[in-house]
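In what follows, chain A forms one complex with chain B and a second complex with chain C.
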Partner chain A sequence: MLKIFVSKDNLPRLVDRLMADNQVLGPVREGEAYRFRALKEARDLDLNFQNTRLSPKDLMHPQTDPLFAYSLRKDDPEAGILKELPRQTAQRVVLGIRPCDAKAFQLVDVNFVTDTYRDPWWEARRNATVLVGLGCTQPCSTCFCTAVGTGPFDSSALDVLMTEVEGGYLLAAVTEKGEALLQDAPEAQSATGEMAEAAEKIALEAAKKVAKPFVIDPLKDKPQTELFGAEFWEEVQFACINCGTCTYLCPTCWCFDIQDEVQGDRGVRLRLWDACMFPLFTLHGSGHNPRSQKLQRVRQRFMHKFKYYVDKYGDGPACVGCGRCVQYCPVNIDIRRVVAMMSASCVCPT
Partner chain B sequence: MHAYTEKIRDAARRLLAEKKVDGVIGFRRGTLPLMNEPVFVRHVDHVDQLIWDGNCGINLANYLTKRKDRVAVVAKGCDSRNIVVHIQENQITRDQLHILGVPCQGMLDRKGILRALNGREPLEVEETDSQVRVSGEGFQEVFARREVLQDNCKICIHRNPVIYDELLGEMVEEPTDVDRYEDVRRLESLSVEERWNHFEELIASCIRCYACRNACPQCYCPTCFVDESRPQWVGKSLDPTDTRTFHLLRAYHMAGRCTDCGACERACPMNIKVRQFTKKLEKDAKELFDYEVGIVLEERPPLDTYRPDDPQDFIK
Partner chain C sequence: MKNPYLPYPVRIQEIITETEDRNLKTFKLVFLNPKDEEAFSYIPGQFAELSVAGQGEVPIGIASSPTEKGFIMFTVNRVGKVTTHLHNMKPGDVMGVRGPLGNWYPWEEMKGKNVVIIGGGFAFTTLRSSIVWMLDPAHRGDYGDITVVYGARNPGMLLYKDELVAWEKRDDITMHLTVDGTDDPDWKYNVGFVPAITQEKAPSSENAYAIVCGPPIMIKFTLPVLADLGFPPERIITSLEMRMKCGIGMCGRCNIGTEYVCKDGPVFTMEKLGRLPNEY
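On to the complex of A and B.
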C-alpha cells in the first residue's frame, strides 16, 4: 500500500488541504491536557502529546447525543411523532489518534453493529471517518497495550499509520480509505525503503518499552462463576468510591442511557453516557436493583471487560491498555493489579 | 511523617490481635508515584501493607458511613473533623471507632506536581520533611515540600486530629498567620456578571462523573438528588444548566458541613477547582455563626440549631 513522507514543515499544508474537503479533528492542547477537537486551523494540531485525557470515544459516541426531536403542540398534527435528527454524513479525518484508541472503536463495533441490529448513529460516524493514527514512540509507564492484544504501532484499526521519523512523518496507508486520502499529495514525497525500515525499527523499539503486567490467556478457560465468586473482589472494591471517572475516560466503555428532555412544547430524545459504577444504571422500574452493592458494580466493570466480552465474542478483552483509568482513578484502583489477580486466580491447564 | 508507618502498623497489629476492632482503615502503597490506595486490613498478617506518607490525601472518613462493625481508622486533622461531623449526623457512633490520630504536615498535590513536570512522567518520588524529589526518564526535580502541598493544605489551620483514641505522633504547630479566604474575597469583589462568568468557566469542562461528590465524606445520601429518577430533578446531559445545578446544589448541601479537606478537588479528573464553591460557604458559616465544622463534637451544626443571638436579624 501507498507510503508517503511529509516533512514537519509541510504537515500544516497537508492538513490545510484536508480541511478543505473534510472536517479534520486532532489533538489540541487545552490548558494542561490534550483533547480531540475539530481543528479551526492547521496550527491547532499539536502532535507533541502522549495521549489525550479523555479518550476520543466521543467522536463516535458523544456524551450527549440528540437522536430524535418531537413537538408536543396540541395543534400540531405531528405532535408526539419522533423525527430523527440528521446523522453524521460529512466526511471527517481524525489525525493523530493513538492506535490503542482506534482499536477501541473496533472493539466497540461488535456491540453497536451486530447481525441483528446495526446502530445507525454509531455506524454513520464510523463510516464517515478516516482514522490517521500516530504510532506511539513514548509509551507511559501506565500503558499495557501489548498485554491486551494491541500495541503502540498496531495499525489494525487504522486507515493510515503515521510514524514520526527523522525530519517528518511516514504515512502508510492501511486501508483503501487511507490510500485514497494519501493519493496526489503535493506536500509529500514518496517514502524510501530506508524510511520504511526506520519506521519498522521505531515500532519494534516502542513495543519493547510497553510493560506486560499480566497475561490474559488463562481467563478464557476460567468458569465465569468461579471468577464471579472470587474472594478478591471484596478487597478490590474497598477503596472504590463508585464515581464515573474510569468509565467516562475509558475508550471502550460504551454503556448509555436514553432520556427524553422536554422544554415547553418541544422534546428531544437523547442518548447519554452512563456507567456501571452508578447504582441508577441498573435500577429497575420495580425499584429492585440487581447491582445495589458497590462490590457488584466494581466486579461488573472488570468482568465485563475481561471475561464476559471475551466469552461472548471470542475476542477481546474489551480493554486497549491506554492506562487512563490507572492514571485518573482518584483512589488508585489499578486495573493492571485487578486483572493480574483475575488471571492468577485461574486454575490454569498445565 | 514517615515515622507514622511503623506506629500505624504497631497499633493495627495490637488492635487486631486483641480483637478490639474488626478491621483497620488506612492506606497501602499505591501503584503509581504520588498515589496511595485506601485499604481495609482485617488480619494481623496484612498489617504490613499499611503505610503513611504525603500521598494519603484521600479522606478516610468517607469509608465510615453506615458501617455496622467496629473499626480503627487512621485520621489526620481533616479526616478527624469529618469523623466528628459523621458522629453528629448519626452516620457512625463514637464507640464503633478507634481513631488513630496522625498530626499532619500537609498532603502532596499530585496534580500540581504533574503540571510542574509539564508532560514528563514521574517514575520515582522521594519525600522528606522538607523536600520532594521527583525523577523520571532523564530528569530529576526537587521541590520544596511546602510549595507542592494541596491548595487546601497550604491554608490548613487544623492539622492535628481533633478527636482520637491514640495519637501516633507529637502534635504539630498550627499555623496562625494564614489568610483562609483571600481567594473568596477576590471573588466576592467581582460584579454579579463577572462572578457568574467565572463559575461558568470553572465548570465548563465538567464531565459529570461525580468524582467530587463521591470522594466527599459528607456526600452520603442514599440517593443523591441528581440520581433521583422518580421524579428526575436534574438532566443528565452536559447542558450547562444541569451541570451548574449539580455543582451549586452540591455546594449548598455542604454549607456548615465542609471541612475543606480537598477530597473533591483531588478526585476531579478534569482538575476543576471545586473548592471555590464550598469555601464561600465555609466563610459564611464562620462569619455568620462563628462556626468551624467538626471541631467540637457536642456543638450542633449551625443549620440544625436556632439561637436567639444568631447574628442575622431577618428571622427575628
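On to the complex of A and C.
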C-alpha cells in the first residue's frame, strides 16, 4: 500500500488541505493535558504528546448524545412521538490517534454492530471517520498494550499509520480509505525503502520498551463461575471508592444510560455514559439490586473485560493497555496487578 | 435496518385495573400505523420497552398472545417514575412501544411435550400470553397436557380473573389456582404457597417441561419440588428480570456473566443459569 513522507515543515500544509474537505480532529493541548478536538487551524495540532488524558472514545460515543426529540404540547398532533435527530454524515479525519485507542474502537464494534441490531449512531460515526494513527516511539511506564494483543505500532485498527522518522513522518496506508486519503499529496514525497526500514526498526524498538506484566492465556480455560467466586476479589475491591474514573477514562468502557430531558413543552431522549461502578446502574424498580455490593461492581468491571467479553466474542480482552486507569485511579488500583491475580488463579500450583 | 431505539407510536385503547390494591394495571395498546403492527411480530416469552416521551422507558413482558390481533397488551406494576406516570395515563393517550425484545419460551423444542406452567403474583404476564397461544386451535395440537399452578397472596391479587375462571372450565387445560391465604368464604380453589401446591398436585415430569415465573422466593422453593418430581434442569425454564435501558444487548447493565438478560434472555433454562455466576 501507499507510503508517503511528509516533512515536519510541510505537515501543516497537508492538514490544511485535509481541512478543506473534512472535519479534522487531533490532539490539542488544553492546560496540563491533551485532548482530541476538532482543529480550527492546522497549527492547533500538537503531536508532541504521549497520550490524551481522556480517551478519544467520545468521538464515536459522546458522553451526552441526543438521540430523539419530541413535542409535549397538548394541541400538537405529533405530541409524544419521538423523532430521530440527524446523524453524523460529514467526513472526519482523526490525526494522531494512538494505535491502542483505535484498537478500542474495533473491540467496541462487536457490541454496537451485531447480526440482530446495529447502533445507528455508532455506525454512522465509525463509517464517516478515517483514522490516522501515530505510533508510540516512547511508551509510558504504565503502558501494557503488548500484553493485551495490541502494540505501540499496531496498525490493525487504523486506516493510516504514522511513524515519526528523521525530519518528518512516514505515513503508510493500511486500508483503502487510508490509501485514498494519501493519494495526490503535493506536500509529500514518496517514501524510500530506507525510510520504511527505519520505521520498522523504530516500531520494533518501541514494542520492546512496553512491559508485559501478565499473560492472559490461562484465563480462557477457567469457567467464569470459578473466577467469579475467587477469593482475591475481596482484596482487589478493598480500596475502591466506586468513583467511576476508570470507566470514564477507559477507551473500551462503552456502558450507557438513556434518559429523557424536558424543557417547557419540548423534550429530548439522551444517551449518556454510565458505569458499572455505580449502584444505580443495576438497581431494580422493586429495590432489589443484583450488584448492591462494591465487591460485585469491582469484580464486574474486571470480569467483563478479561473474561465475559473474551468468552462471549472469542476475541479480546476488552482492554488495550493504555494505562489511563492505572495513572488516574485515586486509590491506586492497578489493573495489571488484578489481571495478574486473575491469571495466576487459573494456573495450577505445581 | 430500522433504528432499534425508535419506539413505534401507539395509542392506549383500554386500561384495566387488575388487582384490588390497584397497583397493577393492564394496558391495551393499538399501533398508530398498521404497518408497525406487522413489524411487531412476537412470540410468547418476549418483552418490549414501553416508552413515554418525557419520562423514559420500562421493560415489560408482553401479556397478549400473537394469536390476538389488533392490539398488544402489557400488565404494569407501579413501582417507579415511568410506571407511576403510565398508571395516570388515560385511554386515547399516545405513547411508544419498542420491540419485540429478547428470546422466548422454547416452543419448537416443547412440541409434542406436556407443559407445566407455574406462576406467582404478577409474573403471570408472559405465562398468560403462553397459555392463550397454546390454547389457540392452531397450536393446541402441538402440545400434550397443559397444567397450570398459579398463585397470589389473596384472591384479589390474581391477574386476569375472568380468563382464569374460563380456563378452569375447559377440559384441555388443568388449572390449580391458589392463594397464600384468604377469609373469602366463596374461594373454592386451593389455599397454600405455590411450591406446596405444586408438590401436592405433583404434575408428572414425564415427557414434560416446566415454565416457572414468579418472585425469587417462590422460584427458590419451587425448584427443589420440581427436581423431586423428576424435572431435569434443562427442562425447567424461567424468565428473569433486570434493570434495562437499551433492551438490545448494548448498554451493558443487565448481564449475568457473559449473558445479557435483554438479548440472550430473558428466558433461560436452569441448566444454563447453573453455568453462570449467581448474580441476579
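Observations
Keep this in mind: the second predicted complex is superposed on the first by the 346 of 350 C-alpha atoms of A that agree within 3 Å, B and C clash if a C-alpha of one lies under 4 Å from a C-alpha of the other, contacts with A are read in each partner's own complex, and residues count from 1 in each chain.
One rule holds for everything that comes next: a residue touches a chain if its C-beta (ideal position, glycine included) is under 8 Å from a C-beta of that chain, and two chains touch if they have at least 3 such contacts.
Not measured: the values here are computed from a predicted model.
Once chain A is used to superpose the two complexes, chain B occupies space next to chain C without a clash.
Applying the stated contact rule after C-alpha superposition, one finds that A:259 touches each of chain B and chain C. By the touch criterion defined above, A:54 lies against chain B but remains apart from chain C after alignment on the C-alpha atoms of chain A. Seen from the C-alpha centre of chain A, the directions to the centres of chain B and chain C diverge by 90°, a value given as a multiple of 10 for the model superposed on chain A. In the superposition on chain A, A:239 makes contact with chain B only, not with chain C. Of the two partner chains placed around the shared chain by superposition, chain C is the only one that A:117 touches, whereas chain B remains out of contact. When the shared chain is aligned, chain B comes close enough to touch A:333, but chain C does not. Of the two partner chains placed by superposition, only chain B is touched by A:141; chain C is not. Residue contacts after overlaying the shared chain place A:63 against chain B, while chain C stays out of touching range. Of the two partner chains, chain B is the only one that A:279 touches; chain C does not reach it.
Superposed on chain A, the gap between chain B and chain C at their nearest CA atoms measures out to 6 angstrom in whole units. Once the two complexes are overlaid on chain A, the chain A residues touched by chain B in the first and by chain C in the second are 257, 259, 274, 283. For chain C in complex with chain A, the residues that touch the partner chain are 1, 3-7, 9, 32, 51-58, 77, 79-80, 83, 93-96, 216, 241-243, 245-246, 248-258, 263, 275-280. Residues 30-33, 49-50, 53-54, 63-64, 140-142, 235, 238-239, 241-245, 248-249, 257, 259, 261, 270, 272, 274-275, 278-280, 283, 326-328, 330-334, 336-337 of chain A are the ones touching chain B in the complex. Considering their complex, residues 67-68, 70, 72, 79-82, 84, 111-112, 114, 116-120, 223-225, 228-229, 254-260, 262, 267, 269, 274, 276, 281-286, 288, 290-291, 296, 300, 303-304, 307-308, 311-312 of chain A touch chain C.
Interface residues of chain B facing chain A in the complex, by the touch rule stated above, are 30-32, 35-40, 58, 62-63, 115, 119, 121, 123, 205, 207-211, 213-215, 223, 227, 229, 235-239, 266-267, 269-271.
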